[in-house]
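In this document, chain identifiers A, B, C, D, E and F correspond to the written order of the chains, with residue numbering beginning at 1 in each.
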Amino acid sequence: MSLDAYRIETEPFFHAVGNEIAQFEAAHADRLPMMLKGPTGCGKTRFIEHMAWRLGKPLVTVSCHEDMTASDLVGRYLLEAEGTVWQDGPLTRAVREGAICYLDEIVEARQDTTVVIHSLTDDRRILPLEKKGELVTAHPDFHLVISYNPGYQSVLKDLKESTKQRFCAIDFTYPDAATEAAIVARESGVDAATAAILIRIAARSRNLKGSGLDEGASTRMVINAGKLMARGVTLGEACRIALVQPITDDPDIRDALSNAIAACA
Amino acid sequence: MSLDAYRIETEPFFHAVGNEIAQFEAAHADRLPMMLKGPTGCGKTRFIEHMAWRLGKPLVTVSCHEDMTASDLVGRYLLEAEGTVWQDGPLTRAVREGAICYLDEIVEARQDTTVVIHSLTDDRRILPLEKKGELVTAHPDFHLVISYNPGYQSVLKDLKESTKQRFCAIDFTYPDAATEAAIVARESGVDAATAAILIRIAARSRNLKGSGLDEGASTRMVINAGKLMARGVTLGEACRIALVQPITDDPDIRDALSNAIAACA
Amino acid sequence: MSLDAYRIETEPFFHAVGNEIAQFEAAHADRLPMMLKGPTGCGKTRFIEHMAWRLGKPLVTVSCHEDMTASDLVGRYLLEAEGTVWQDGPLTRAVREGAICYLDEIVEARQDTTVVIHSLTDDRRILPLEKKGELVTAHPDFHLVISYNPGYQSVLKDLKESTKQRFCAIDFTYPDAATEAAIVARESGVDAATAAILIRIAARSRNLKGSGLDEGASTRMVINAGKLMARGVTLGEACRIALVQPITDDPDIRDALSNAIAACA
Amino acid sequence: MSLDAYRIETEPFFHAVGNEIAQFEAAHADRLPMMLKGPTGCGKTRFIEHMAWRLGKPLVTVSCHEDMTASDLVGRYLLEAEGTVWQDGPLTRAVREGAICYLDEIVEARQDTTVVIHSLTDDRRILPLEKKGELVTAHPDFHLVISYNPGYQSVLKDLKESTKQRFCAIDFTYPDAATEAAIVARESGVDAATAAILIRIAARSRNLKGSGLDEGASTRMVINAGKLMARGVTLGEACRIALVQPITDDPDIRDALSNAIAACA
Amino acid sequence: MSLDAYRIETEPFFHAVGNEIAQFEAAHADRLPMMLKGPTGCGKTRFIEHMAWRLGKPLVTVSCHEDMTASDLVGRYLLEAEGTVWQDGPLTRAVREGAICYLDEIVEARQDTTVVIHSLTDDRRILPLEKKGELVTAHPDFHLVISYNPGYQSVLKDLKESTKQRFCAIDFTYPDAATEAAIVARESGVDAATAAILIRIAARSRNLKGSGLDEGASTRMVINAGKLMARGVTLGEACRIALVQPITDDPDIRDALSNAIAACA
Amino acid sequence: MSLDAYRIETEPFFHAVGNEIAQFEAAHADRLPMMLKGPTGCGKTRFIEHMAWRLGKPLVTVSCHEDMTASDLVGRYLLEAEGTVWQDGPLTRAVREGAICYLDEIVEARQDTTVVIHSLTDDRRILPLEKKGELVTAHPDFHLVISYNPGYQSVLKDLKESTKQRFCAIDFTYPDAATEAAIVARESGVDAATAAILIRIAARSRNLKGSGLDEGASTRMVINAGKLMARGVTLGEACRIALVQPITDDPDIRDALSNAIAACA
């Protein structure tokens, strides 16, 4: 079971905002553990897919969650007819075979998953499989990358300081309006003028962040609106379906967003 | 084990209130993940059954609950005589074979179930079976749909913002009185006049929402009352059994509802 | 393993207070899901046993509790010598073979058990065995009935509104004094005069409900007192053992009940 | 595996305080479920052992605790070489073979254990083994008895009202001083005068209940002090070791108890 | 697998402070359950080892902890090639074969472990193996001993009153200065003068208990300091490493202890 | 499976600040249990690797975490074709074969892991494998070492006093500026002048500890910044990526750190 299925064949579209590509390449050269920081839907996942393609490395992505344990990452024994058989988890496979391992929102996982990566993030670069009694030395190509959304953390749920200090970090945010409109036009199929209108509406939504909205409309949501319009849905309906109704049920916020749609159309 | 048992042979009755059918068809054309929003018993489940019939796709429905884990959706290893055997869960079957997968009230499930759908809701459209070490690429016909009842969410139990932003949303509510009466007459077997009386009583009940009732009588409850009457139960008894006693024990609310029944009869 | 052991051979004694038998028969004709509401020991279990006997249907009763899971109702895999074997739970057996399934105090069970019945309570009448990958269509005779004690529910522990709305409900309460005395005489073996005295004492006890007692003496407790008297225990001792000591340790309430016993004797 | 090991061959010493033996015999004649109420160490366990001996029935005693589940009472599947084999739990064995089953402090157990006994405590007298799909009808000799310490219950941890109402109850308390001294002399081997002194000290301890002690010295503790004296330990040391040091570390209470010992010696 | 490995061959050094040896022997003669009370590191474990040696009995010691269950004490089924095989836990082995069983800090364990010992601590002296369906009668030599640190208990975590009352208790505390210095010199290898200095420093530390320190330096810690000095570490460094740094990070307390070291040196 | 893979072949670089090497050697001579105390990234792990190399002992390191149980340390039964087989955990292997066992941040683990080491930290030096019924006597070379970060402990999560008292402790902190600059130059490849600048920036960061930062930049983070510069990243970008963005999202703190970078460059 090689990692070839985890190689990305075609270039994922990514529009750089700053030096993030060169910065990541420098960190990758020394395999410095990386943290990609930024809000939902601003392109962190796309960036790591682009970098994996650019660097020609397989990419093992794991979406972390509250019930994820170290065993889900590292591996476990399975009972086969001839007895128990060890099965490597996705992290162990990436460590052994030399992939970029991307742990998406690792802060969601239980503490044991964050501790299990400690010995991979200092100069030891080893992964102890304690249940198997094996010490795996990382393949020279193994590179650990995690994502982190600053807006979601709380006192109760945050990376431990001793984990944070093991990573370099690159900040991500929404691109500027012209760039984002170009992305929306390219990915949804609407024309440039329509994309610009949708971006103006999204900007209004983002201004409401903290005044009733937890987060404004992401680039992904604007692309969804564009796709609905490309299928013949009107601007107003498309914005309500893709930008408003998924994220709020508050009548006042819905009104404010409806006005924004009307004002921008 | 094909999904043919999950195909809907006969048209489920659905009375559209607005453009919801066209909107869903547009979203379905691009397989945009959909969220159906609205109160209990207003027809969300009937709508998705109707759309699955209309689009000729198998429909895999999963009622989510607090103890549901990612394994319940994705699959697990079973121990057979010849060792452990992987068994796809309902989501994986829908992903592999190209069904509409309807996750009813996904917010009830544990967090790991909401994270597991993330990679299915962006352009990757893949489902990693981490315990099996397999990446399942979604069948082109796979379409993910969830339901969401805004009245039930709380700070402690809500979809994460990063999940909400991955969906388009259509709002559902009760139909207008004439439409609802037609539905009640059709489904319960009472005549139009009786159905209209029952709808007037239900409207009174809905007006009490927030003043002692968590929710008013749903269309489904009115149909139940109609069915009892079609079996010979009196209007008063049928309304008490089907519309009042199931949802409240408060003497004042019961009195108010009794008065409403008397006034409408 | 057929359900014949679940058929009730001899008529369980039930003394109707109102139209509950006809109402239940009307609901049963359309298999409308039923909720039996009322306080402890007033005859809900006896009623459903009577109706199962009257309708000639097997009755599968499940006493729900805090640790009950959906698997306890639906079934699970057991490991046999030849590998894992699926074993239907009591609900699945009732669904497949057409029994009345009575879930006693379902509100006690974990949330997954209440969600598992949802698809059985609308017009789908199906039970998805998600772990087995099977959709069970309900036998035409399957009828779902639950009990619900309004005095026990709290904000933290109640049926979800979306569950309540799926049921019709019949209210149960204690019978009038003459009826209850007849029941007590019949079931305990004491004479009519003694039964009447015991019922007067029970009435005093029920008046204390809310003033120090969570619930007054149920019909079942009065029968217990009668049985002790039929074995030679004095009225005072029998009432203390069967009506007072089991339900309160508060000296004032015990005094009040002792006075009631003395006054009625 | 018969229940003969659970028969009590020699008469356990029990000194009746009131009519408890006749009351229990009356309840036993109809197999009315019994609750023995009273503080720690006052003789509830000895009473049920005495009654089991007197009635010639095997006695299955289960000490309940927080982690006890219904399976611990009812039974479970064990994996044997030839597959899974059902093993009856202690309650099921008592139900099948006709023993007195004594559930000591059942309120400590999880809720599912209290619900599992419900169908054994009304006229059904059946025990559904839901995991096995079997309905066990109780042996005519089966009799259910539970203990309950009123001093320990709290709002959070108490029997449900619907459970309490299924039982008759007998109160237990400490015997009068002369009786208790006779018991202490008999069981510890000290002479009557010494036993009387020890009982006076215990009475002082019981007076401190609520003023710094959760409970005063039980009869069992006084017997322990007597046994130490019979082995040559002085009165003061024996009382400190058996009556004071086990139950309090508070210097003031210890002083008060020391004074009591000095005053009575 | 006999308990010979649990016999103590050479006399463990124990310096009695009072009558504790005679008191324990009197309790042991009747196998009265014993509780050893006192602060950390004052010699409770050494005492029970000494008594086991003195009485010529094997000693089974179990360190209790939060996750310990009754099965860890009593035993469990293991799956072997020929099916499941019962394996006695340490308590069961001690009960069957007649050892002293020392449950260290039993209050740390889950409630089920404290209940499991109840029937071993009254005149029944039986251990029901409920999962195995066996009643083990204790070997005449079986003696149950537990330890209890009064400084650690809280309202949330304490032995139940009904458990405490089943035990006799002996108090332990630090020995007087001369005795303790003799112990330190003997066990660490430092001369008497150095031992006396170390004890004076420890006395200062113990005076800070409650004023910033949870507990003062135990005898064990003083022995550690002595051992470091015997290896050439200076008095100041040895005291900081063994007496100060392990138990406090508070700068003021550290200063106070440094002053104490300087003053005593 | 010998512990040879756990031997450290080449000298790990360690720059001593005080007498810590001699102190550890003295403690090691008597195998006194050691606690290494200090903040994240100041060299505790490097120190123990250096000492293991210096003393020629294998080093078994276990990163503790919230979900770690005693079984993870001690061992467990695995199901093999011929039945269950015991597998030693990492602690047991170190105890049997005579390694230094380093439990990193043991306070993170569940309580049972801290209790399991108690009998290894007094003169018994035994490890009871309770599930296996085996008493393992420690190899003479076995030495137990734990790490402890004083900045992380809280009332809710700290070592028990009875555990702390079993250890000697050595304090660790950041080295002085010249030493740290030498370390940074050596490990990252930047020249001495650049290293000195980076250390000045780190010093500013450490001054912010308690005024908005939980901890200042560790030596490890400064080395990361140096590595990025050695790959061509500018000083400003390298500091932001390695020293600022991983540990804070607070705009004011980020400004303060940016000013510090500008001031030092």
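We adopt the following convention: a residue touches a chain if its C-beta (ideal position, glycine included) is under 8 Å from a C-beta of that chain, and two chains touch if they have at least 3 such contacts.
Everything numeric here is computed off the predicted structure, so don't read it as measured data.
Chemist: Along the graph of touching chains, what's the shortest path length in steps from subunit C to subunit F?
Modeler: The distance in steps between these two chains is 3.
Chemist: Quick one: which chains contact subunit D and subunit F both?
Modeler: Chains that touch both subunit D and subunit F, as defined above, are E.
Chemist: Of the other chains, whose C-alpha centre is the longest way from the centre of subunit F?
Modeler: Using the mean of the C-alpha atoms as each chain's centre, the farthest one from subunit F is C.
Chemist: Please flag the chain sitting at the greatest distance from subunit E, going by CA centroids.
Modeler: With centres defined by C-alpha atoms, farthest from subunit E sits B.
Chemist: How many angstrom lie between the centres of subunit C and subunit D, each centre taken as the mean Cα position?
Modeler: One centre to the other, that is 30 Å.
Chemist: For subunit E, what residues touch not just one other chain but two or more?
Modeler: Residues 79, 81-82.
Chemist: Specify the contact topology among the chains shown, as one of line, ring, star, complete or other.
Modeler: Here the contact pattern is a ring, one closed loop where every chain has two partners.
Chemist: Under the touch definition given earlier, write down the residues of subunit A that touch subunit B in their complex.
Modeler: 1, 5-6, 40-41, 45, 61-68, 72, 76, 78-82, 87-90, 93, 104-105, 108, 149, 151-152, 214-215, 217-218, 220-221, 224, 227-228, 231-233, 237, 241-242, 245-247, 249
Chemist: Which positions of subunit E touch subunit D when the two form their complex?
Modeler: Going by the criterion above, the answer is residues 19, 22-23, 26-27, 29-30, 32, 35, 37, 69-70, 77, 79, 81-84, 110-112, 114-116, 118-119, 122, 128, 130-131, 133, 135, 150, 160-162, 164-171.
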